[in-house]
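Think of it as A, B, C and D in the order they're written, each chain with its own count starting at 1.
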Amino acid sequence: MKLKMPIIIVNYKTYSEATGKKAVQLSKAAEDASNESGVSIGVVPQYVDIKSVCDAVSIPVFAQHIDPIVPGSSTGHVLLESVKEAGAIGTLINHAEMQLKLADIETIVARAREAGMVSVVCTSNAAVSEAAAALNPDIISLEPPELIGTGIPVSKSKPDAVTKMVALVKHVNPSVVTLCGAGITKGEDVTAALKLGTMGVLVASGIVKAKDQRKVLMDFADALSETM
Amino acid sequence: MKLKMPIIIVNYKTYSEATGKKAVQLSKAAEDASNESGVSIGVVPQYVDIKSVCDAVSIPVFAQHIDPIVPGSSTGHVLLESVKEAGAIGTLINHAEMQLKLADIETIVARAREAGMVSVVCTSNAAVSEAAAALNPDIISLEPPELIGTGIPVSKSKPDAVTKMVALVKHVNPSVVTLCGAGITKGEDVTAALKLGTMGVLVASGIVKAKDQRKVLMDFADALSETM
Amino acid sequence: MKLKMPIIIVNYKTYSEATGKKAVQLSKAAEDASNESGVSIGVVPQYVDIKSVCDAVSIPVFAQHIDPIVPGSSTGHVLLESVKEAGAIGTLINHAEMQLKLADIETIVARAREAGMVSVVCTSNAAVSEAAAALNPDIISLEPPELIGTGIPVSKSKPDAVTKMVALVKHVNPSVVTLCGAGITKGEDVTAALKLGTMGVLVASGIVKAKDQRKVLMDFADALSETM
Amino acid sequence: MKLKMPIIIVNYKTYSEATGKKAVQLSKAAEDASNESGVSIGVVPQYVDIKSVCDAVSIPVFAQHIDPIVPGSSTGHVLLESVKEAGAIGTLINHAEMQLKLADIETIVARAREAGMVSVVCTSNAAVSEAAAALNPDIISLEPPELIGTGIPVSKSKPDAVTKMVALVKHVNPSVVTLCGAGITKGEDVTAALKLGTMGVLVASGIVKAKDQRKVLMDFADALSETM
């Protein structure tokens, strides 16, 4: 895998604060924070912005989703090859806001593997994480849906869910890296996530909707740097 | 509406021959054919390629789909605002390969109207076209699913379906422009479409998968030019 | 159409209070209220309960949904023929909790028509109702999703939406009967619905979740009876 | 679990030959074959027919699908409680013709477990089967989609896929029973399935579409009986 761990992955969702030119600006701020801290930071812009972001920065860029398709007659679908040619090195799969059929997750993870792209499967609880681990993705990120966007950090409010997820994933497939997300807004939430056995966090509103995105990025990166 | 009629709209789907750099090349060929013939040609690249295409050409660019969302927490979805900022002037809606719920079509058409973007609703038969007309889109394009990609032109094999569609749409909503598509591979298919009362064609493999894309584009544009 | 207007249609959803034996009991109460008042009352039990209900009562029974399929390899789908053989005389289509693709609504309405079954298309606003009218169903029922289950009656809180819907539907297709629903809990809400030009109401929790289902049924039927 | 192994499970899909009264007749034939052979046979009628079938026979009856819902406002959805009250003792989950999101499979399996109902998760390949095993269902049935309805038996044409599936499932979760299906039309296909390590077959058209359903049922049951 092309990624250095631990890592902070920032999901831009479809937030205004991370669309178009603002997606490029935020990605530059993430690159600065990564360079200053020595910590790995990846970004996940909207499809339309992938190329602009990849052209502007050297940090890892992910797609928010790809479809289980090969090139052909699939109007409106997202093709791995288009995302890869634009410069993305991986993709989220099965985010809580873009949930997929089991067979499609398997297809997409397999396609990503063949194409040398990093697969990040998002899961909602420990049992689903264990199932996902059997599909052999690179990364599994646990995000309890009820905490997304709440500011209540999964790493603090559901530490047992995270440690259980880490244990189950390792049991099924020790090569899978685990992350966690949902409600992460402070450096200490990131530190807590690492202490529970994960290799980093998947974060969205905590950074994108912050008054000072750059400051929160540095706060997160510093917290991660101290645990390394 | 910002479009000059009649028009040829070229849907790139997720074809290899119209992905990434090839999407830009094909768009330049379309622009050349448009300039040489004086005929309006629009292109519909994948999301990831919208900005590169818009930066490279001045002809109308459409998205293949947008989701019925506003900015916010919608990972993996396609936001009108991102597509518009990248330079697209409109979007396909409800393509046979990306069919939508009735209420979502209504929402997307309304969002496009507010944003000043051209809405092109694709439909599968005359009754569905009539229903779509009630939602007040700019354009309705009839594409019988059973003919898509076959090389059997709708304008020749189902002329009655096209004239019925045109009549029903006009009856419900005279301001809606009608197109047709599916199986269009030759200039004479385009001419036939115009004679049935449409204002142009929505075409995909007929151009994208052609051995000589540029030649077919000119063939289509010349056919359309002669009918003007 | 086999139905006498005006009508009260009671959607059992998947409420515990209207599942299995309780579905049969509620249907008998509806039949009693219909017989006593002379008002038409239809019921919409879960698939599993359709036959038991049809065997127990003589009032009109509807399915909550059918799929756009013909007999064959469609595990888990709902076949018109099975619903009809069990005794249902019609079906809801596109309920807010079971929204469908536009092309599928067209297919289901056409299948219902061929099979002599009553089609009741549910819609979320006036524009969607107008589109649905073009598909030529027997009945269109307007249910603003934001009012479903609230106890705020559509007939009182959104009278303009109802009258606009009725007018648009009549304009496109005068043979379509209009109903309205959402938030209906009292006889006076039913009376208000009739005064707005509809031929009755589609109601769910207002009756199913009532402390005394039988009493509310009689209250609704009496209100309707007075307007006849 | 309430089932005796090995087992033949017959999926009625939405076949005309197994709808309504014909569903009851076929179920009686299955009961006869089970009684005569001493072999366990389960049947999977459409929702509407579950109660009639359960009232007519004593063999195990399954639903074709249930939705990941609790009682409430879910028009058109299939509620575990309604299926159970009608007499079903279990349900198929994630059939190739009714594929589900990963998180929904987890929810449905967990609901079935709590309710004491048998969960039969259908899977398309060995990797997906392994993932499903982590969700702790009672039964996993491998059905390669490309063989469904072909008459090419999975147990003969893809023996390696079946043995791999059995091994992976046992590795993740030894308590899960494995079946296989697709293309099973003869007793010898059933025997082959058992020899590959499964505990039986999930069959549909092989029995439902047979000229003499009763004869094929006995042929299957005899084959299974000989291996016991």
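Quick note on the criterion: contacts are C-beta pairs under 8 Å (C-beta built on N, C-alpha and C of every residue); 3 or more make two chains touch, one makes a residue touch a chain.
Quick caveat: nothing in here was measured; it's all calculated off a predicted structure.
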Interface numbering overlap (same over half, different under half) for chain A and chain D: same
Whole-Å separation of chain centres (CA-atom averages), chain A against chain D: 37
Whole-Å gap between the CA centroids of chain B and chain D: 45
Interface hub residues of chain A, defined as touching at least two other chains: none
Contact pairs between chains, per stated definition: A-B, A-D, B-C, C-D
Complex interface listing, chain A residues touching chain B: 11, 13-16, 19-21, 44, 46-52, 64-65, 69, 71-79, 81-83, 85-86, 92, 95-98, 148-149, 204-205
Chain D-touching residues of chain A, taken from the complex the two chains share: 94, 99-106, 110, 123-125, 127-128, 130-136, 168, 172
